[in-house]
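One chain, chain A, links the two complexes that follow: it is found with chain B in the first and with chain C in the second.
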Partner chain A sequence: MSTTSGSSRRALQTGPSGWLAAPALAFFALFAIIPLFGVLFLSFTSWDGLGEIKMDGLSSWTTVLTDPVTGNALLVTAKIMFFSFIVQAPISLLLGVFTAAGQKYRAALAVLYFVPLLLSSAAVAIAFKALLDPNFGLGAGLGLPFLAQDWLGDSDLVLFVVVFVIAWQFVPFHTLIYQGGVRQIPASLYEAAQIDGAGRVQQFFNITLPQMKYTIITSSTLMVVGSLAYFDLVFVLTGGGPGYATRLLPLHMYLTGFKANDMGAASALGVMLVVIGLALALLLQRLGGKNRNASQMEGA
Partner chain B sequence: MEPQMKNRTFGRAAMAFSAAAISISLAACGSSGPAGTAASADSASMWGLTGGNQPVLQKSVTDWNSAHPDSTIKLDFFANDAYKTKVRTAVGAGQGPTFIYGWGGGVLKSYVDAGQVDDLSGYLKDNPDVKDRYLPAVLKNGVIDGKTYALPNNNVQPVVLYFNKDVFAKVGAEVPKTWDELMALVPKFKDAGIAPFSLGGQSRWPDLMWLEYLVERIGGPEVFANIAANKPNAWSDPAVTESLTKIQQLVDAGGFANGFSSIAADSNADQALMYTGKAAMILQGGWIYQSMKKDAADFVKSGKLGFTTFPTVSGGKGDPANVVGNPSNFWSVSAKATEGQKKAALEYVKNGMFSDSNIQGLIDSGAVPVVKGIEGKLAASPDKDFLSYVYGMAKNAPSFTLSWDQALSPAQGDAMLANLDQIFLKKITPGQFVDTMNATIGK
Partner chain C sequence: MASLTQLPVPPSAPVRPAVGPRSRTKGPGRTRPNFLAGLGGWLWLAIIIVPVYYVVVTSLKNQAGFFASNPMMPPTEPTLDNYKLVLENDFAKYFANSLIVTVGSVIPALLVSFMAAYAIVRGKSKFLNWTNNLFLLGLAIPLHATIIPIYWMITRAHLYDTLLALILPSIAFAIPISVLILSNFMRDVPNELFESMRLDGCSDWSMMWHLALPMTKPAVVTVGIYNALGVWNGFLFPLILTQSPETRVLPLSLWTFQGEFSVNIPAVLAAVVLATLPLLVVYVVARRQLLSGLTAGFSK
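So, the complex of A and B:
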C-alpha cells in the first residue's frame, strides 16, 4: 500500500465513475440531508405535532439551552461515552487479538462472542431488564442477594448497568474490527521480532498496537460517535430513568418531541446532537494525524 | 450498519445518525399503521390497547365484521405507552385511524383544537338511544366547550387500593382507613419482610395515583380543577405541598417495594408483587382486576384479593367518597377519515358497541361497562363483589377526577410525571416541584 506510484494513483482517481455514488447520494439526501434541514427549520418554530407550525424565533433554543434537563442530558451522555470507551476499547482490543490467531478453538469462541451483535437492541434490553429485576430477576431466582440489587432503580448504579449492557452488545462488533486489523499485520514482523528475542507482551506493545493505530482510531470513533446514538437500548431498558439518571441526549430529544409534544425544542436538541457528533468525529480524525495514507509499517 | 464505514465518511455518517433519529422514528410511526389498515380501501380502522379489554374489543369487532361484511372494521392493538406516542404522530401526519382511542381531557382538547376529530353532538341528537345508554357523569368527559367529541367505549376505571388478604392475615394487620393507620402499617409489614406497597415507578403514571388521591383527600377536587383550568400558580395550593411531603415520608419509611423505580406497570410486574405476597398493597386502576383475574386466577377466585378506597387524611377537605381515575376510555372519530369510514364507524358505535354480548363480555372480563341498567347483570357475575363495588364507587362519587396526565395538556402532563418521579426518588423537594410545575401553567 505504501508503494502507490503516481500513475496508479491517477488511475484510481479516474477509475470508477463518480456516478456510481449517485444512488447512495440520492438516498442519503432524501433520508438525511433533507430531514436535517427540516429539523433545523423546525427548531425555530413551535409545533405540538398536531396543529399548525408557527414561526417562533429563538424561543425553542432558549427553552432548550436554559433547561437544566438538557445540561443533565449532556452530562449523562458524556459519562456514558467516557465509560463506554474505557470499558469497551481494552476488552475488544484484547479479544480481537485473541481471536485473530488461527487455532480452531479460538475461531469457535469468536463465533460465540459474535452472537450479541446479532440480537436486536430492544431484545437485549428486554432480556436484561427481566434478568436484573430485583424482585423476579436472576438474583431473586437464584437466591443470590448480591445479584438482587436494584440495578435499574438506583440512580447511582443505573449508569454503570447501562454501560455494561451497551458493552455486552457492542464489544463483539469492535472485536471484529480489531480481529480484522490484527490479521492484516504481516507475519514477517512477528517472525523478525521472535528472532530478535521479543516475548509475547513485547510483541503486543511494539508490533500489534502500533500497527493497529488506524484500526484503533476507526473503532474509537465509532464508539464515541456511536454513544450519541444510543437510544433504543436505553429507552427500553430504563426509559431514561430513574428520574433523569439515564436520560441521554437522543432520548431527551425523543421524549421532548413525542411525549411532551414539543417538536420545536426536540428539533433544537436534534441540531445540537448533529453538531456535537460532527465535531467529535472531526476531532478524532485530527487526532489520527493528517497524513493518514502514510505507511503503517513505519510504526514498527 | 456500521462495518462498511470508512474514516472519511464518519462526519457524514454522524450526521445521518443524528438527523435520521427524528426522521426515522417519524417514518416508523407513520408507516406501519396505515399499511396494516389498508385491508379494504374504505374499511374503518381502529386502534385498541393491549391488556384486559383486548379480547372483549376483539370479539366485538369480529362479531360486527361477520354481521356487516360491507362496513368492516380493521382492528390493531398496541401497548398503552407505545400507543399514546404512535397515535398522536399518526394523527398529526394525517395517517391516524378512523377510531381514535382516548381518555378525554387535555389530550382530546389538543385534537379538537387541531381540528382532527369530528363533533359528534349532531349524531347524539339524531340518535338519542346512544346518548341515553350512558351514565351521564361519564359521558360529559367527552365534551369540550359544550360539544361532544368522544363517546365512552368500555368500562369505568376508578383507582382502587388493592390488598392481599393472606398477607394481612399473616401479619395481623387491619385495612388502613386513615393515612396515619397506613403509615403505622409500614413498619409492621417491613418487619415481616413484606413490602407494604407495590409501585410500578418506571412507568411513572402509577406514581401519579398517589398524588391524585392525596390532593383529593386533603384539598378536595377544586385543587386540581384550578390546575386544569390553568389558573396562575395553581400548583402552590398547600394541599399539593402537603401531599408531596406525605409521599416523601412514605418513601423514607420504606413504604414502597424494593426497586420500585425500576418496576414497569406495563408488564404487570407491579400487581404480580402484590398477588405473589411480596407486597401487601397496591394503588392501581380498576383495570388491573381484569389482568389479575387472568394471571392470578386462583388468587382472585379464592377471595384473597381485597379492595378498598384510598384512606382519608385527618383535617382533609375532600369527600371520602370522591374518586380519581379514568371514567372510561373513549372513541373519537377522525376528521380525516373518508365518509364511508365515518359512516361505518358511527354505525358500529350505535349497534355494535355495548350490544348485549359486548356488555356481557366486559362484565365477564371483570369490568364495569359505563352504561345504565346493568345492576342485575353485575349481581349475576362471579366477580360481583368487585364489580358492584366499582359500580357503586363510580355512581355514588360526588366527584370523579380524570387522571391528571390525561386531563392536562401533553406538555404539562409530561413535565408533571418527570418531576413527580423526582419526588419519589427524593431528588427534588416539594417546593421545587411546585415552582417547576407553576412555570408550565398554560403550556
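So, the complex of A and C:
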C-alpha cells in the first residue's frame, strides 16, 4: 500500500489533512449517525409527530412487542426475504451466465432485460397494479381465466405476487452483477476444461460457480439485506394489504408513525429494523467474508 | 432502482466499470447452440416485455377504448390525449423538481465524498481510519430506519416541504457508498505519481484536483450515475418530507396521479411512461455508462 518511503523531508509529513474528510463526515453524522441514536431515543418517548415529545419509558416497546401485528410484520418480512431470494438468486445467476456469453442475440436480449432498471419502484408498482387487474389486465387480454384472478385482493396469493414483482424489478440488477462476475473468469479455464472433455453442465458447476464465489456472496447479501428496504414498491402496490398480508416491517414502521401518528412505537420498530439489518449483514459477512477481505487487501 | 442507494453493502473489491464486451473466443455454449438456454432467455424476455408493452399500449388508448378493447391489443385509434392531460397537470414542474433535487444532491455528495476518499487513501491519521470505518458501518445499516428522527430534524429546521429537505439527507445517504468506491479506485493510482508531484512542491489540495481527479474520473462518473438514479427514483424521502404540489418530485407525482385520475388508467400509465422517458433516453445514448453506474461497487 502507499507507505511513504524515501526522502527524509517528506517523512515528516503526514499526508493530507483530516479536514478534507470533515464535510462528508459532518453530513453523514448529522443525517445518519445522529438519527440512528435519535431513533433509539424516540423509542422511549411518546410523540404524535406534531406536538411535544414526552419521555414515556418502555411503553412504546411494550406496545410494539405485544402487538400481534409486529409479529406478523416480522413473519411477512422473513417470508418475502426467503421467497424473493429463492426466486431471484438462481434466475439472476443463470441470466448473468447467459448474457455474458458472446452471441449477438444474447447481447440484444440483455439490452431489453435491463429496461426495468430504469423504472422507479412507484412506476413498477403502478404498472403491475393495472396489469394484474382481473378485468382490464393481462388475464382478460389473453383470455386465460387463471390469469384473471384478484391477485392483489387475495391474501393467500398476494405475497407471491409481491415476490414476483420484486423479482421483475430486481433480477435485472443482480443479472448485471453476475454478468460482470462471469466476464472476469479467465477464458483459459474453460479452454482447459474443454480439452479435458468437460460438458457444459460440468463446466458450470466446476468452473463458473466456484469462480463466482464472491459475486454470489455480494449479490446474496444485497438480496437478503436489501429485502429490508422493499418499502416503496409494496407501499404503492398493496399498501400492506389486503389486511396485513403484505405489511413488511419498514411499511409497518411507516404506517405506525405517519398514519397512526405513534412515532414512539414506530421508532421502536425502526430500532428493530436497524438491529436486524446489522445482524444479517454481519452474519453474511462471517459466512464468506474473511478470505474476501484478505484478497481485497492483496488486490488493493 | 429507488431503494438501492439505501442498500447496505459489504465492502467490495476495487471495481473497474464492467463495460466493454470482453468477447471470449471459446466459452461455454460456443461449441454447439444451447437450445435450453435460448428458450429460457426468450421466456424471460417475454416476462420483462409484456408489462412494458401493456403500459405503452394502454397509455395510447382513450378511456372508452380502454374499457371496451382487449387489454393486450394495440388501440384501434391511438391517441396522445393522455400525455397531454399529464403534461397539463404540472408534469413539467415535477420534472424540474426531480432535476433540482437530483443535481443538488449528487454534485455536493460527489464533491465531499471525493475529498474524503482522497484524505482516507492518502492520509495516515487515526481520525481518518476511524472515519472510514464509520462509513463502512453506514453501509451495513438500513438507513431508512432513521426516517422518524430525520422527519423531526427537518420539521424543527423549518425545512419541511422544501426541496432542501430532500437534498440534505440524500447527500448524507450517498456518502458511504461513494467514499467506498472512490477510495477503491484511488488506491489504484500509482504512488510514484503522487511522489513526483510532491517533489515538484505541489500541495495536497492541488494533487487532489490535478492528479487524483483526472485519474479517477471514470469512477466519479460511475458513482455520480449510481447516486443520481437512486435520488431520481427515490420515493420515501419525498413521501415523508414534502406535501404540496410545489415540492412534488416525479415518483411521488405518479402516486398522486394515481389518486387524482383514479379510474383513468391510461392517463396514469401515460404518466409512468413520461416519468421513465428521460432515463430511457439516457439508456439509449449511454447504455454502458449507465449500466456500469448501476452496479458501481457491486461487481467483483
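We take it that the second predicted complex is superposed on the first by the 261 of 300 C-alpha atoms of A that agree within 3 Å, B and C clash if a C-alpha of one lies under 4 Å from a C-alpha of the other, contacts with A are read in each partner's own complex, and residues count from 1 in each chain.
In this text, contacts are C-beta pairs under 8 Å (C-beta built on N, C-alpha and C of every residue); 3 or more make two chains touch, one makes a residue touch a chain.
This is a predicted model, so every value here is computed, not measured.
Novice: First (chain B), second (chain C), both or neither: which does A:270 touch?
Specialist: both
Novice: For A:120, select first, second, both or neither according to whether it touches chain B, chain C, the two together, or no partner.
Specialist: It touches chain C, and chain B stays clear.
Novice: Between chain B and chain C, whom does A:94 touch in the aligned arrangement: first, second, both, or neither?
Specialist: Second partner only, chain C.
Novice: Who does A:153 touch here: chain B (first), chain C (second), both, or neither?
Specialist: A:153 contacts chain B only, not chain C.
Novice: For A:24, decide between first (touching chain B), second (touching chain C), both and neither.
Specialist: second
Novice: Have a look at where A:225 lands relative to chain B and chain C in the superposition and call it first, second, both or neither.
Specialist: After superposing on A, A:225 lies in contact with both chain B and chain C.
Novice: Counting touched residues of chain A, say whether chain B or chain C comes out ahead.
Specialist: The partner that reaches more residues of chain A in the superposed model: C.
Novice: Looking at the overlay, what does A:195 touch: chain B (first), chain C (second), both, or neither?
Specialist: It touches nothing on chain B or chain C.
Novice: Figure out whether A:255 sits in contact with chain B (first) or chain C (second), or with both, or with neither.
Specialist: First partner only, chain B.
Novice: Quick one: classify A:236 as touching chain B (first), chain C (second), both or neither.
Specialist: Second partner only, chain C.
Novice: Which residues of chain A are in contact with chain B in one complex and with chain C in the other?
Specialist: Shared contact residues on chain A (touching chain B in one complex, chain C in the other): 28, 31-33, 35-36, 38-39, 49, 133, 136, 173, 176-177, 214, 217-218, 221-222, 225-226, 228-229, 231, 250, 253-254, 257-258, 266-267, 270, 273-274, 277-278, 281-282, 284-285, 292.
Novice: Where on chain B is chain A touching in the complex?
Specialist: Residue positions touching the partner: 2-3, 5, 7, 10-25, 85, 88-89, 91-92, 110-111, 113-114, 116, 201-202, 204, 257-264, 269, 272-273, 278, 410-411, 414-415, 418, 421-422, 425, 427.
Novice: Could you pull out which chain C residues touch chain A in their complex?
Specialist: 1-4, 6-14, 18, 21-31, 34, 37-38, 40-42, 44-45, 47-52, 54-55, 58, 66-67, 70-73, 111-113, 115-116, 118-125, 127-128, 131, 134-135, 138, 140-153, 168-169, 171-173, 175-176, 179, 184, 187-188, 191, 194-195, 198-199, 204, 208, 232-236, 239-240, 250-252, 254-255, 258, 265, 268-269, 272, 275-276, 279-280, 283, 287, 291, 294-295, 298-300
Novice: So in the complex, which bits of chain A are touching chain B?
Specialist: 28, 31-33, 35-36, 38-39, 48-51, 69, 129, 132-136, 150-155, 158, 173, 176-177, 214, 217-218, 221-222, 225-226, 228-229, 231, 238-239, 241-244, 250, 253-255, 257-262, 266-267, 270, 273-274, 277-278, 280-282, 284-285, 288, 292
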